[in-house]
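Below, chain A partners chain B and then partners chain C, in two separate complexes.
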Partner chain A sequence: MPDYALRAQNVTQKFGAFVALEDVSFDLKVGEVHCLAGENGSGKSTLIKVINGVNTPEPGAQISFYDSAPAARVSPTDAKRHGVHVIWQDLALFPDLTVAENITFDSFIAAPFAPRGTAAKTDRAAQIITRLGVKLDPHAKLGDLSIAKRQLVAICRVLDANARIIFMDEPTASLTRKETQTLLDIVRKLSGDGISIVFVSHRLAEVLDVCERVTVLRDGAFVGSYPTEGMTQKRLSTLMTGLDLDEHPRDIENFGETAIEVRGLSRDAEYDDISFSVRRGEILGLTGLMGSGRTEIALSLFGMTQADQGAILIDGKPVNFRNSRAAIAAGIAYVSEDRLNLGLVQSQSIIKNTASTVLDDLAKPSFYLSPKRLRALCIDWIARLKTKVSDPRLPVSSLSGGNQQRIVLAKWLATNPKVLILDAPTVGVDVGAKAGIFEIVRELAAKGMAIILISDEASEIHTHTDRVLILRGGKVHKDLKPATVNEEALEEMINA
Partner chain B sequence: MRKLFQGWSGDRIELTAMVAFLALSVLSFAAIAPNFLSVGIFRSMAFQLPELGLLTLAMFIPIIAGGLNLAVTFTANICGLAAAFIVQKFLLENGGLALPIALIVALLTGLVMGMLVGAMVAYVGAHPILVTLGAMIFLRGLGELLTRGGDISGMPPVFETIGHGTLLGVPNPMWIFLAAVVVCFYIMQFTKLGFSIHMVGSNPKATLFSGIDVNRVLVWVYGLSGALSGLAGFLMLARFNSVRVGHGESYLLITILACFLAGANPFGGFGRVLPLAVGLISLQVIASGMNLMGASQHLATAAWGGFLILVMILRAPFQSKT
Partner chain C sequence: MRKVFASAEGILGFLIICLSVLLTLTTDSFASIQNIFDLLNNQSVNIIFAVGLVVVLVAGGIDISFSVAASVVQYVVVTLLISMGGGNWAIGLLLAAATGISLGLINALFIHRFRIVSIIVTIGTFNIFFGLLMYLSRGRSIYTIPDWLYARVSIFSVELERGAATLYLPVLVMFVMVVATWLILSRTGFGRQIYGFGSNPDAARRSGINVALIQGFAYGWLGLCAGIAGMMQAHIVREVVPNALYGRELDILAAVVLGGAVLGGGRGTVLGAVLGVMLLALIQNGLNLLGISPFAFKMIVGAIILCAITATNLDRILPQTRRSTKGGALDA
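This part shows the complex of A and B:
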């Protein structure tokens, strides 16, 4: 048995004048869990597509699987023969088929007119499920399952197709902490069975937890392959970004007046008896597992839902928001956790998205909305938040995650809010861009904005908040100053 | 193809394409039909186009908002009916007032019916296809019931001036259509409502999260659509001196075709008024040109369909396939 499942050297890929990969090397041991790390646009996906035979690299590459002879490129047939499979982030499953049909789909393509969902197929799917040691109903419709379960179905599917080298693209991006642990256990189990796994993830903590080695790419260039033993999150993010990010926990004592106060706020089946206040210049962390009520509270503060009981006070005056317009008028801004569907209108222009919250101001004194004023507003905010934009008329979807989040911030800062609620502001944002976002947030707080930061990343809460409420089952479980505990203890408290 | 137009905005490409398309159709008919380039032909086109044009504008705005309005033609009929009823009941003697009042009645009837439809779409949350299909069938039944399947005719002579008169050599219906184009262009490009319509069409939920009152926008979208239909109904009344429920029914799908021909996004959010106006004129040129050559009217219809397909094929290289 050879030691290496895959060895790739001198891989270069150009798209026109753009160099996506330059002289990259990558090797993968049999049964190894290997992380492919790098920021968006660093070339991770391009490398995967070279290895699974979608892209043809420039001549000169040497790629070999197991003990095969090195070749200059991988054909899709080669990839299939060596059991190379990629589970992309969107999973590419069929929501209207059953779990068993999804798992056995590849044999289904081979015989398109064979009857669906036969007992034999269900049995085969059930065997794979048992082998993986997970709980899945082969008869359940895929569309009814949670993302975590679908992820497992995707893994079963590649196993059914005899995968020996599996690439997993951001597999934990939309999983809860507990689901992530389950997935990591499965990854370890597969590696124990001699399957090699390449893990692509933004979450450095789990990368260091599950992987044996990590290969770092930056702007298409090969930075290096390192054992994870002895590697720290900080060093890894420095390797990925090329920047030495140094973040100090906050240490501020004197804040301004209370900007927002919440007293005994309750909403049926969402949150119960929540009280807190945030002063000007203060950053309050709101954390807890998914379903702990953190986003639900934010939606009520933003007027999207109404609390059954309790009071919200802005600058000491009780308010009752019937809708988001009323909340915005009172000085609340809400950066949604779902940037793709709620935070931005992805297909519309950067200008339109920036201006969407301040139409009433822009249209004054008449109802005439001047394109020049829209553009000026957008250009101004792009400059103030140092956003990388080539043309503000382009759809906002053309920007990277970090720059999109800056546009979200811009559209809310344009309303000149008193209270800024940030709900998971760094989801899908690169390590380097994350630091940039927090730099802005801390600057805003320094200028006297009251900020509520919702996050389930213990490190973010620990570094960037002055006080934190840990929620559990819709109630305040703990209320503490993060500086009084260390990050690991905080993480423990969030996930306990 | 892509390279040739590098640096051009999508809107500019659409407008250029529509103008090129218009020039091409005019030139080809000028080449094969010797008497095509005459004042008479263009005048007759300018008389025929406005009804379809107004109905297309009425379809266009809901499409940009991510819906559509299947009730445009029957809304137009009912508005014409309401205007004719008021005129015949109260204003047969008073010719001077009849015209403005008929116009106001038609516009208001359309506005109110449209807003009701919009309220259904917004507050009930039903899909626009269902709501407007319901409204369409309802209005058709209502109209046929009221007119007993016949027509209401006999307007004061002053209606002739709107329906058949000209100003500066251009038929009056054309002036009305052009005015409607300018108003729609202004609303869609330079007002809060127009801005919001584009945003709602792309993603109503994210628009709501930006603090835009999506429900109110939808009510106005269908209100405007109804008012434009009402204007079309008024014009039909003036042109034919009568109202018959079902008149213009065949325009319904053509209005949708014209919207997509001019680059309106079938999923909402994108589309411009000016390419739409130019595209409509091209469609009319094809119909009139073929008519002049003695071809069957049905051939013109087939040509329109073929055109849409051709334009879709030509447009394909400019669209990313994601």
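This part shows the complex of A and C:
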């Protein structure tokens, strides 16, 4: 048995003048869990596509699987023969088919005129589910399952196709803590069976937890491969971004007046007896496991839902928001969790997206929306948030994830809010962009904005908030100053 | 029992049974063999259309050109065979199938090759097919059709007191088309590919599905069904009227959607489509037997479609579902 499942050297890929990968090396041991790390646009996906045979690299590459002779490229047939499979972030499954049909879907393509063979396929799927040691009903419709379960179905599907090298693209991006642990256990189990796994993830903590080695790419260049033993999150961030991101916990004492206060707020089956206040310049963290009520509270503060009991006070005056328009008018801005889909109209221009919250104001005093004023507003915000935009008339979809994030922020900041609610602002954002976002958040606070930060990353809460409410089962479990405890203790409190 | 009501087919079956019981009790003639045979003879054309359309809907598309395509097929086949001296059933059906498939493939070509949304393509072909037919026929009907098409082909007959009740050829053809479509959609790997493609086209492409084949089959099969249904319709009414089927497409679409198919693709069954057509037919039949003005039919049918679709969506909208799911999340 050879030691290496895959060895790739001198891999270069150009698209026109753009160099996506330059002289990258990557090797993967049999049964290893290996992390491929890098910011968005660093070339991770391009490298995966070279290895699974979708892209043809520039001549000179040397790629070999197991004990095969090195070749200059991988054909899709080669990739299939060596059991190379990629589970992309969107999973590519079929919501209207059953679990068993999803797992064995490739057989329908291989033998279109064979009978559907439900019983046999259910057995086959059940065997793989048992082998993986998970709970899945082969007859369930995929569309009825949670994302975590669908993830397991995707893994079962590649196992059914005899995968020996599995690339997993951001597999934990939308999983809860507990689901992530289950997934990591499964990854360990597969590696014990001799399957090599390449993990692509932004969540550095879990990368260090599960992987044996990490290969870092930056702007298409190979930075290096390192054992994860002895590697810290901070060093890995530095390797990925090339920047020394040194973040100090906040230590501010004097805040302004109370901007928003919540007294005994309750909503049936969502949250119960929540009280807190946020002063101008203060950053309040709301954390807890998925379903603990953090997002539900934010939705009520933003008028999307109405509390059954309790009061919300803005600048000391009680308010009762019937809808989100009323909340916006009262100075509340809410940047939602799925902001790239819910917060932006991807096909519309950057200008129109930035201005979308303040169109009424921009049209005053007449009904005429001046393109000049729209443009001026947008350019102002682009500059203030240091967004990289070549032309604000281009659709938002032309921007990178981190820059799209800034446009969502700009859109809400344009309403000149008193209270800014950020719901999981860094999910799916890479390290460098994360730092940039928190830099902006801290500046906004310094200028007197009250900020509520919802996050389940203990490190973010610890570094960037002045006070944190840990929620559990819809109630306030702990209310503390993060600086009084260390990060590990905080993490323990959130997840215990 | 809960499982029965979890599917559109179960609900439709239940409604059909209720309605049948009701009509049996309130009218004299509903539960007669004559009435049931009439229903089957009359609905066979609609059901053939419906099973063709369900394939397109499952594949994530839509087609509104099929009923005028059926008129085109009638006209072309009958004109051609008259000029050739008559022909017979075999030649007639073969020609109808070929013409129907060709018209369906025109839709598939624009949808697949030129990436145009199916509703736009079929609005275009709907107008082209119908416009061309009216222009070339100058709106004139053909009353003298070949003898083989004119003569009723009986497949099953029962002697009754007031003469015989007979099932005619279209019922047999309908049966064949229903079974064939069901076999393909529900019992083959290719059928799963169609559901897969309708459910998640990107995933299907990435899995290596031959998308052109799926699209070609879906619209081609509907074209085939339309061609055959066109011949059956001409056989029943014994003439070819260019605008006889104009407007039928929306009735069929409503029936198929009632049967559980969705415009987003991935869902829908042959059984559901058949039951959807049957339910609408029963309602019309019932209204007829109850002596309600035919001018009220459309209105009542429209209201029933809206109520039925609303009912199937209610479980997602009602407030207690929020409570129950959120409660579950809190427990976890």
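Some observations on this one:
Assume the second predicted complex is superposed on the first by the 495 of 496 C-alpha atoms of A that agree within 3 Å, B and C clash if a C-alpha of one lies under 4 Å from a C-alpha of the other, contacts with A are read in each partner's own complex, and residues count from 1 in each chain.
As a convention for this text, contacts are C-beta pairs under 8 Å (C-beta built on N, C-alpha and C of every residue); 3 or more make two chains touch, one makes a residue touch a chain.
The model shown is predicted, which means the values in this text are computed figures rather than measured ones.
With both structures placed on the common chain, the touch criterion links A:Lys411 to chain B but leaves chain C unconnected. Residue contacts after overlaying the shared chain place A:Ser347 against chain B, while chain C stays out of touching range.
By the touch criterion defined above, A:Ile328 lies against chain B but remains apart from chain C after alignment on the C-alpha atoms of chain A.
After overlaying the two complexes on the shared chain, residue contacts for A:Phe367 are found with chain B alone; chain C is out of touch.
Of the two partner chains, chain C is the only one that A:Pro112 touches; chain B does not reach it.
Of the two partner chains placed around the shared chain by superposition, neither chain B nor chain C is touched by A:Arg384. In the superposition on chain A, A:Thr357 makes contact with chain B only, not with chain C. If you check the complex, the residues on chain B that touch chain A are 9, 189-196, 198-199, 202-203, 205-213, 269-270. Interface residues of chain C facing chain A in the complex, by the touch rule stated above, are 186-193, 195-196, 198-200, 202-204, 206-209, 265-267, 322-323, 326-327, 329-330, 332.
Taken in their complex, chain A has these residues touching chain C: 88, 90-97, 101, 105-116, 268-270, 290-291, 293, 296, 473-474. Residues 304, 323-325, 327-328, 334, 336, 341-348, 352, 355-357, 359-360, 363, 367-371, 393, 411, 415 of chain A touch chain B in their complex.
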